[in-house]
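The first chain written gets the first letter, and so on, giving A, B, C and D; residue counts start at 1 in each chain.
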Amino acid sequence: MEEATPAVQERIRSSFGRQGLMAHLGARLGHIGPGRVHIQLPARPEVTQQHGYFHAGATSSIADSAGGYAAFTLFPEGSSVLTVEFKINLLAPAEGEQIEAIGKVLKSGRTLTVCQLEVFAVQATQRTLVAVGQQTIICIHNRADH
Amino acid sequence: MEEATPAVQERIRSSFGRQGLMAHLGARLGHIGPGRVHIQLPARPEVTQQHGYFHAGATSSIADSAGGYAAFTLFPEGSSVLTVEFKINLLAPAEGEQIEAIGKVLKSGRTLTVCQLEVFAVQATQRTLVAVGQQTIICIHNRADH
Amino acid sequence: MEEATPAVQERIRSSFGRQGLMAHLGARLGHIGPGRVHIQLPARPEVTQQHGYFHAGATSSIADSAGGYAAFTLFPEGSSVLTVEFKINLLAPAEGEQIEAIGKVLKSGRTLTVCQLEVFAVQATQRTLVAVGQQTIICIHNRADH
Amino acid sequence: MEEATPAVQERIRSSFGRQGLMAHLGARLGHIGPGRVHIQLPARPEVTQQHGYFHAGATSSIADSAGGYAAFTLFPEGSSVLTVEFKINLLAPAEGEQIEAIGKVLKSGRTLTVCQLEVFAVQATQRTLVAVGQQTIICIHNRADH
């Protein structure tokens, strides 16, 4: 998979590092490509729902960040990224060693970007699609950019 | 607001207590009424996004749990609750002392329940609607119930 | 219910009149208030699904237009309205003499507006909520407006 | 692309033929494969919004039917199909000679099926993705099937 430029990767890592929630959940940035970002979340009791599976909120949190950062890789320097909305379908109980969210840009516009979200549960060599989503992201251009 | 029966309240509290994610985020159960549940999440660095606001994932996590438990208050004894899907619009940056999610049942069926989700940011006496959502929940009936 | 100003009502009626789909379905504009628009669709074989109920597409079509026009009532003169996305839950089979969609603005911004969508089936004096939705609308400002 | 069995194709065509809305819009069934159905809608003034593009309601109507029938191809004999909910993002103005909706099953379960929806605008040999969606479908089993 294609890698984003070092400058873009640095911008994503720096922003991710400021997301208190990602560190608190134990989430890690994976691949950063142009219009595509992966985030992994290892299994631990702190991210479960009542039956011991990954909580839909944990699944949604890394999916939302993966999509937002996928969009952010394509934004101009100095802009900010905000989630307008997302929708997620939980296809199967999320269990395994970790889950991985993949955010991909489907349509990139000056103001709005639409992303596809996928979350896989990973157990040894097996990957199971456990959630799919769609997300709308807005680019907040800085003043000088206008 | 009407309170759920003690048995239903106990069922919700017991399940909530088993959600590792809610404790890890610092979320607390508030009101438990028939078809309506509130969950509060105090501000702390562990639940933020890159600008210091509540992360959309934290907002979504308590909204998802509030809706799921609102549905669960109306389910028969011995059944389980799973989120099928939800959609959430983030209306404004979520900042304040805490956020509060309110899940309300809009339509209750034997298999599927549809909930409305609202999240307010609370700062002193001011409440601001920061997110709205819609959620589909499925009731997993236990064997003896069939 | 409060009525929109005559100028705004005229703007909505004029745009609605140019929507070929609304006339073709047989839909009619009802109430036009600030941030709120109603659209009715009488039952007829041309708007059914395979069991004779209103087709989800017909329900969605008038819900989408009701929300879009609700947003449009609050837009500045000379701007245009486009649907970014919507989500709709179909709560019950839509049957009756007509269905009525109510679009209401939940949050109005310079660029994006979020609307709540409700559709009721009407049979004599009985109104049944058959669908609920959430919609994101974008305001396309004309050049002179910048 | 793989074709569905003649019996399944006949089941889909028969149901589609009973959808008054599809005929009224001028929509036509295209490919019918296992878990995948295409529906085309030629451009005509009767399916437009106020700027002359395909109305989001028309786009949504054929997307909803395409997804519902994609699910229906995998359902047991004698069952019925109902849309629980769908969400659609409109990526670009839908203009061209026709639009084509493609419904694909992402996850098939005994009760619930989740579909991906895509709509393309077709102009001569050019295909543009104009809408993407996600849909939840419920299978209503007949009595004897229990």
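Everything below uses one rule, namely that contacts are C-beta pairs under 8 Å (C-beta built on N, C-alpha and C of every residue); 3 or more make two chains touch, one makes a residue touch a chain.
All values reported here derive from a predicted model rather than from experimental measurement.
Engineer: So which has more C-beta pairs touching, B-D or A-B?
Structural biologist: A-B
Engineer: What is the distance in Å between the mean C-alpha positions of chain A and chain B?
Structural biologist: Each chain reduced to its C-alpha mean, chain A and chain B end up 22 Å apart.
Engineer: Where the CA atoms of chain B average out and where those of chain C average out, how many Å apart are those spots?
Structural biologist: 29
Engineer: List the centre-to-centre spacing of chain B and chain D in whole Å, with centres computed as mean CA coordinates.
Structural biologist: Centres of chain B and chain D (C-alpha means) sit 33 Å apart.
Engineer: Chain D: which residues touch two or more other chains?
Structural biologist: Those would be 84-85, 87, 89, 114, 134, 136.
Engineer: Classify the chain contact graph as line, ring, star, complete or other.
Structural biologist: complete
Engineer: Quick check on the complex: what are the chain A residues that touch chain D?
Structural biologist: Contact set of chain A toward chain D: 87, 89, 91-92, 106-107, 114, 116, 129, 132-134, 136.
Engineer: Of all residues in chain C, which touch chain D in the complex?
Structural biologist: Per the touch definition, chain C meets chain D at residues 15-16, 18-25, 44-51, 55-58, 60-62, 64-65, 68, 80, 82-90, 93.
Engineer: What residues on chain C touch chain A, complex-wise?
Structural biologist: Counting only chain C, the residues touching chain A are 84-85, 87, 111-112, 114, 134, 136, 138.
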